[in-house]
Amino acid sequence: MCQVLLFGRLADVAGWRERRLDPAPATLFGLRDLLSAEDAQLGEALAAPGVQAALEKAIVRGDRPLPHGCEVAFLPPMSGG
Amino acid sequence: MCQVLLFGRLADVAGWRERRLDPAPATLFGLRDLLSAEDAQLGEALAAPGVQAALEKAIVRGDRPLPHGCEVAFLPPMSGG
Amino acid sequence: MIRLTNEAFDPGALLTAFCADRTETGAVASFTGLCRAEAGAAQTLELEAYPGFTESAIAEIAEAAKTRFALQDYEIVHRVGVIAPGEPIVFVATAASHRRAAFEACDQLMDYLKSRAPFWKKEHGPDGARWIEPTTQDKADAERWDKPAGA
Amino acid sequence: MIRLTNEAFDPGALLTAFCADRTETGAVASFTGLCRAEAGAAQTLELEAYPGFTESAIAEIAEAAKTRFALQDYEIVHRVGVIAPGEPIVFVATAASHRRAAFEACDQLMDYLKSRAPFWKKEHGPDGARWIEPTTQDKADAERWDKPAGA
């Protein structure tokens, strides 16, 4: 199981902001591939330059295993306040 | 007649802050000489570097005639706020 | 203190509280960012944060500024949600012994908040909504602080 | 608005009023100078102004800054008389479309107020009273603004 959060225009493109996946893919890249396979537009938005992933509220680069019950967020380029 | 104001340490040295002189000397330098003749310590303080004179709330440099009823102020170096 | 809020807030009330009971603070600088109507071009602003993540990212920057400028204290309040023209978006206050440190820290915190803080901003105008990215000026402002102190 | 006051004032109340009803102001910078106790070295501060003359001198500087930084508005409140540690001495707020102008104008106004404004300041401490003159740092801060803009 994992909780997936989308922010900014990613949420607009997907039409959802928060989703529980159970069972969840074993890795971050697996999760991204799953979301992209389900929704090609979201897939394109996730692959755009500047999109970052956060695991348990910390930015991660590259692939990571997804622990059970974790929170994953996809963050488009930040606007600032 | 003229109104004489002292500020900052000039008032401390003289022991007064405001004084009406009637009759008043005809010029600013005449006024300064009069005050210095009456009180040598004040005279010394008025001659110290950075002391300025204001006539009708405007800084003046050099001597000036003193119109009847005018306000003259002697200003030590300003501290800022 | 760092706080995100969905509710409109009064910057003056924050400043009053921030200045209270300070006998060794000589200088309090503050900045209030207000939502501009831009003569009707922008009607409302919508700001999204990632609760927890956003405060941590701001705290990291704020604690670095506190050390760099020897601040005694700081306060950052940032509005999220839908914001109407004239409403405060952000309030930053800094307290220091002397004014140069208070000003520079406040200025730096605002530069970071405007260009690098994790917010997503949507402008709702007469032609619909659009997501905003930092301006080139905002990025240049923030980069002024990237060089080491004194360089 | 420029005001001298014998009474203690609340900088937050001034900021609230200054920010009210602004739909085209993006940025409000403020500075509050507080009286420091300096761990007992200074007990109270006594500030003297020359009513009329002091406000005019400040207004000249403030109007020049308003033009230079394209300010929408400013407010300056300065305490005179006997001031206890922790009490506000000066409040300056500036309003502009964008934050750089608001910050720089506020910073410049404070530099002038601290070093060149017509006040006479006496510190009453445990060893008696002494008249204060601007520090070398205050003078250097004010001189930063003497060069033409952009130089």
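We just call them A, B, C and D in the order they show up, numbering each chain from 1.
The working rule: contacts are C-beta pairs under 8 Å (C-beta built on N, C-alpha and C of every residue); 3 or more make two chains touch, one makes a residue touch a chain.
On a predicted model such as this, the values are computed, not experimentally measured, just so you know.
Contact with both chain A and chain D is made by C. Set against the Cα centre of chain D, the chain with the most distant centre is A. If each chain is reduced to the centroid of its CA atoms, chain C and chain D end up 22 Å from each other. Centre-to-centre, using mean CA coordinates, chain A is 77 Å away from chain B. A straight line joining the Cα centres of chain B and chain C is 50 Å long. Averaging C-alpha coordinates per chain places the centre of chain B 27 Å away from that of chain D.
In chain C, the residues touching two or more other chains are 33, 114.
Counting partner chains per residue, chain A has no residue touching two or more of them.
Pairs of chains meeting the touch criterion: A-C, B-D, C-D. Interface residues of chain C facing chain A in the complex, by the touch rule stated above, are 33, 47-48, 50, 52-53, 56, 78, 89-90, 113-122, 131-134, 138.
Only residues 5, 7-9, 12, 54, 57-58, 73, 75-81 of chain A touch chain C when the two sit together in their complex.
The residues of chain C lying in touch with chain D in their complex are 10-17, 19, 21-34, 36-39, 85-86, 88, 97, 99-100, 102-103, 106-107, 110, 114, 141.
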